[in-house]
């Protein structure tokens, strides 16, 4: 009985709009604290920041407990990605860190608390989901891009390795250099250097730029528009179904009924 | 009676195409004056510019008065954004400014007079409105981008702060540096500098570029196309309605009438 | 009679596929000659190039004469843009140029002979026309962009003029600098320079980049897609009309006929 | 009889999912070997790499033999592009190469073995085909771009050739410089250099950027979206046909039947 009333209280608190706004405010304060720590602040301010940090951690702990108690099915609570993420962030924040090395990790973990914004605001979660939905379709595009990168990097480090080891030493460094070329970042400096030895090496760079830039553009636009059109088609169908507008199928059924009526009237005759 | 005729005169003047062209010409002259002032001009030309500037201000004052008098409902005049903007620009231009500090502000205000072009030309106003309509939908995208920027900036200033304070001193400067990386502006210089200390820091830059560039592209295209399709669907419906073409609903109604006719004819039998 | 046969001969020659290919080949040779002249070639080759250049000019003259004679309506010949362009290019090429200054102009004119490729190949002409069709719709976008550029350039040269006259001297130079910022070309160098004096001047650059880059992207995509959809809708309608598929209007007419039949059959009763 | 059973064995092996995965694994190992060779590895590792390389070549030879034996029509085997590609790669890998010059070619050939990934994974082959399908439509766009580049390069090397021979020496180098300008790579450095001699040369650069960047963007997006819409229209039609939904034509036929029934019933009367 006692637990039941606690659960009801938690549920009403979790669904309370004001409580949600309060948590959002706490996340923003947490983000500001993270930002403040990057500035050179006097020591007494630093201790205030540390206290506020603990307050934020405790409120987060309280909020996750409320959410856990409010949940109908306790077993399924930790199967949801965001719940696991929120819990992990809070638990790691709770571990007291004294020595400097762990403090560094602790600070990094606190930064990821800003991501809780996405787990709280529903619109951001929808946005992220629509992005993730396009990912599997992009998988093979990324693989194709990687193959192009790998082949060009292997050729590059084989031919240009002796010219500038800084850029073409091994296949990893060469791929980084090619990514730089793909973003057009001082790519002519890279090209002119190798053109001094191999005058026709511009073919290597131009073919690479065309293959990656064009293929990439072509495919990304294609996939984005296709995902979008699917969504629109679905929306339109749902809308039409909801409005109860007659479809061509309805018309067909109506005409069939007409035929039946006429044939019946003939029988009557 | 006297005021009524004044209002009628104002109304006819305001709706006059020639008067509109005249105002557009004055705005262009005003823009040219602003441009001319940025060149090193001899003193006697400068005084001509100053006189012309006053003439422009007075014509603007005259035009806004005409528009105010012509308006049917005086109270609603200042609820429209462009009217407030136009009035403010004229009033601030009227304040005589002598000392150098205020003169600076005065010059800046005069520059914004070019924006009156948008308030006068209807096509530009339509363009701006369609842009503003897409803004609220972009709000959450901007928020998501800001969260990504904030987290990476916090990590960046924590880890790289000691390497180059110029670029990673605090969270604000780090965000500016990350914006630079996002525009591919000499981003490899920034990366190579930190790679000298942390050889794996290229993961930080590449993941950031993928997250922002791809997410941004994906979402902007998505929203633009979706806004566009909505408009097209609306246009098509309006066009069909205007042309009086029969819809599937009309067909359904016609068939229902047929059924009624047949069942009636049966009753007659 | 004699002229009639000449016209017929010209017409058959003009419509001959082989003759068209021959002209395309001559244009390509003309382009190669232009390219060859930019290399350092020995003097005896130069005289060969000069002779070939004259041959090309004479063939072009011959071809334009054939086209003029073949044309049914001589008066309308010079109302078509491409005919005027072709004739002008040939006539200017004919003028003998000796002194070095005119030779320079003559060389430039010969370069534009490559554009004859577009006037000959129909597919290229279609491509260019579809580009030109989108231009008027882009007119107001370009005007809006220009207003944004003008205002920012005026502010820039007012505030930053004293910091670096090379970049912000007057409004023209400032607009060029802003165009550079818009293409992300070493824009941080420009920004860091002014940030040393005005630490908040990054607001100026970031707001400018957002306004131009985003507005531009938004509108260009919008217009491209909208032009495209119009074409598709037109194509679809034409296709459906050509295939003789029944439309909803046809159905409506058919049902009306049915009603008439039934009401008539009732009268008969 | 003996060959028939061999063929059956080959066929079952070729269609075996595990065998396909094994070949993919071998290709990945082959790719890793290529990558490993770009690093500075101790000599005894190098001999291991050489042995593994031979193992990979032999497995590839075995796999292509299996595919050849399994094929029903031996004559058509070498008409398929990927079969020719695979065979060529294997045969060249088999040639024993000792001297350093041929070894260089041998290494390059081994790099292209990574491309076998595309010939094995069906999804990648589909992706590549959809890219190749858009190519012919892009042909004329590329031709138009090339004409713009050629004309600007001819003008550039004529006017700017004396200013900086490094960038504007002849038409080939000028086209490379213009490609650099198109990618916005330090293009202002190129421009400022010529503006020192010809102050109005910014017109040359800006008009070039507008022509190429805008024309390119406009056309690429246009073609991508149009290819996409065609595919979607096809898919939709196929889907509707498969679902057996009534079309407007079906309705028209139904109404015609109704008319027939009524006119018959009248005759009966």
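Just so it is clear, A, B, C and D label the chains in written order, and each chain counts residues from 1 on its own.
Everything that follows uses one rule, which is that a residue touches a chain if its C-beta (ideal position, glycine included) is under 8 Å from a C-beta of that chain, and two chains touch if they have at least 3 such contacts.
What you see is a predicted model, and the numbers here were worked out from it, not measured in a lab.
Participant: Considering only chains that satisfy the touch condition with chain A, which of them also satisfy it with chain B?
Facilitator: Both-contact set = empty.
Participant: List the interface residue numbers of chain C and of chain D, divide the shared ones by all numbers used, and answer same when the ratio is over half, different when under half.
Facilitator: Different, since most residue numbers here occur in only one copy.
Participant: Taking each chain's centre as the mean of its Cα atoms, which chain lies farthest from chain A?
Facilitator: Centre of mass proxy via C-alpha means gives C as farthest from chain A.
Participant: Write the angle of the rotation needed to overlay chain A on chain C, where the fit uses Cα atoms and the result is rounded to the nearest 5°.
Facilitator: Between chain A and chain C the superposing rotation measures out at 180 degrees.
Participant: With chain centres defined as C-alpha means, what is the inter-centre distance between chain A and chain C in Å?
Facilitator: Chain centroid spacing, chain A to chain C, equals 41 Å.
Participant: Find the geometric centre of each of chain B and chain C from their Cα atoms only, then give the gap between the two centres in Å, rounded to an integer.
Facilitator: Distance between chain centres: 29 Å.
Participant: Residues touching two or more other chains, restricted to chain B: which are they?
Facilitator: 184, 186, 221, 225, 248, 251, 255, 258, 262, 265, 269, in rising order.
Participant: Can you give me every chain pair that touches, using the contact definition above?
Facilitator: A-B, A-D, B-C, C-D
Participant: Residue numbers of chain A touching chain B in their complex, please.
Facilitator: 31, 34-35, 38-40, 104, 107-108, 111-112, 114-115, 117-118, 121, 123-124, 127-128, 130-131, 134, 176, 179-180, 183-186, 220-221, 224-225, 227-228, 232, 245-248, 250-251, 254-255, 257-258, 261-262, 265, 268-269
Participant: Mind pulling up the chain C residues that touch chain B in the complex?
Facilitator: Against chain B, the touching part of chain C is residues 140-141, 143-144, 147, 150-151, 153-155, 157-158, 161, 169-171, 174, 184, 186-188, 202, 206, 209, 214-215, 217-219, 221-222, 225-226, 229, 248-249, 251-252, 255-256, 258-259, 262-263, 265-266, 269.
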